[in-house]
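What follows is a set of structures to go through.
One chain, subunit A, appears in both complexes that follow, with subunit B as partner in the first and subunit C in the second.
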Partner chain A sequence: MSERIALLKQIQAVEFAALELNLYLDTHRDDQRAIMEYNQYASQLSMLKQQFEMQYGPLLNFGFSPGHYSWNWLDSPWPWEEEF
Partner chain B sequence: MWIYEKKLQYPIRIYQCDIRMAKYLLTQYGGPDGELSAAMRYLNQRYAIPTNEAKGLLTDIGTEELAHVEMICTMIYQLTKDATPQQMEEAGLGSNYAIRNNALFPSDANGVPWTAAYFQAQGDPVTDLHEDMAAEQKARAVYEHLINLTDDPGMKDALQYLREREIVHFQRFGEALRIVQEYQESKKIF
Partner chain C sequence: MYTDYMYYYPASTAGHHGIYPIPFMPPCVRLANAYVPYQCYTYAFPIEEALMKGTLFPDLYQPYIEERREDKKCPNE
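After this line comes the complex of A and B, so read on.
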């Protein structure tokens, strides 16, 4: 497995944990422990994404990720072309 | 506002070129209980729902469903991208090829085009949340049928992931329904 794919899978795993806690919190807003866990995953996720973007280019459009010459947002692979 | 994240929610790896499955998977793209219907249904119901819990949940699950649309489309795309006209025909996709080559189009497995009638919106929060819970169960059942139709371990893995998401969404909608009912009871003045 390439390092890029390994990092991408790690991002998918951490983001999934954050998403699951997000949905749980939508119906359990008073669960303080879940909010703490959510914030832990959120900060882990932002570190992983920053690391990925520095090496392999932007994950987000519209100003949420920095771009590089020549406009590397356009670089392959697009998600549907990805070979895991 | 939405922004796009240039990655799949879950890794998809298809091992075999089982083009036949592309036809069946279509129903989870553009069928009545498919991912597109789910995303549009939830994002549209948000505006008439009274509690913040349900507003948040419909927004977040609706957004996750968009990621599932992308997963299903990725599977269909990867299965059909190199298929010859003859292979498309053998897989039951000859009419798809005749009209639109290998382009994706939201329809059910029989080619019936997606329609806004799949949205479902009654503007009654209890009705709408029950609708959403039923939709999640229907999608779960369809995923089980799809899993039974393939031997590809990669395909099974992705479909099992999507099946489990339906179960979690069903659970959360049930909790949102309870909160809505408590809210409605608390509003009554005798």
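After this line comes the complex of A and C, so read on.
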């Protein structure tokens, strides 16, 4: 597995965990442990996304990294071209 | 409010329930009413496993596995 795919998979896993805790906290607002874990995953996620975008280009439009010259939004692979 | 709410938590959450002011089930359940038990966070799957299973919470992991009709008997039968 390429390093790019490994990083992408890590982002997916961390983002999913953050989202799960996000939803859980909607009904458990006083769960300190869940809040702590949510914050850990959220900050880890933003670091991973930043790392990914620096190395491999943007994940989202108006995302975490500025547009490059030349416009690297057009670079492959597109999401449906990914091979996991 | 619920002074003896610990009673309503499943044993698996022992040591953890102190932080919840909400009981696992309402204190006075009524017949013919539907209730959703309050989720307790016991432990989490490793995050790569959670992504594959579709939930971070082992208590919520209930994959659909098709069973043959005769296998569907209640365990008490």
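As a convention for this text, the second predicted complex is superposed on the first by the 82 of 84 C-alpha atoms of A that agree within 3 Å, B and C clash if a C-alpha of one lies under 4 Å from a C-alpha of the other, contacts with A are read in each partner's own complex, and residues count from 1 in each chain.
By definition in this document, contacts are C-beta pairs under 8 Å (C-beta built on N, C-alpha and C of every residue); 3 or more make two chains touch, one makes a residue touch a chain.
Values in this document were obtained by computation on a predicted structure and should not be read as measured data.
S.K.: Spot which of subunit B and subunit C makes contact with more residues of subunit A, would you?
M.R.: B
S.K.: Of the partners subunit B and subunit C, which touch A:L8 in the superposed model: first, second, both, neither?
M.R.: After superposition on chain A, A:L8 lies in contact with subunit B alone.
S.K.: Would you check which partner chain A:L59 touches, where first means subunit B only, second means subunit C only, and both and neither mean what they say?
M.R.: first
S.K.: With the two structures laid over each other on chain A, which partner does A:L45 touch: subunit B (first), subunit C (second), both, or neither?
M.R.: Neither: A:L45 stays clear of subunit B and subunit C.
S.K.: On the A-aligned overlay, A:A17 touches which partner chain: subunit B = first, subunit C = second, or both, or neither?
M.R.: Only subunit C is touched by A:A17; subunit B is not.
S.K.: Considering only touches as defined above, state whether A:W78 meets subunit B (first), subunit C (second), both or neither.
M.R.: So A:W78 only meets subunit B here.
S.K.: Who does A:Q32 touch here: subunit B (first), subunit C (second), both, or neither?
M.R.: Second partner only.
S.K.: Which residues of subunit A are in contact with subunit B in one complex and with subunit C in the other?
M.R.: 9, 12, 16, 20, 24, 27-28
S.K.: Mind listing the subunit A positions that touch subunit C in their complex?
M.R.: 9, 12-14, 16-17, 20-21, 24, 27-28, 30-34, 37, 41
S.K.: Over in the complex, which subunit A residues touch subunit B? Could you list them?
M.R.: 8-9, 11-12, 15-16, 19-20, 22-24, 26-29, 58-62, 64, 73, 78-80, 82-84
S.K.: Hey, which residues of subunit B end up touching subunit A in the complex?
M.R.: Touching subunit A: residues 3-13, 53, 56-57, 60-61, 64, 70, 73-74, 77-78, 168-169, 172, 175-176, 179 of subunit B.
S.K.: Which of the residues in subunit C come into contact with subunit A in the complex?
M.R.: 19-21, 38-39, 41, 44, 47-48, 50-51, 55-57
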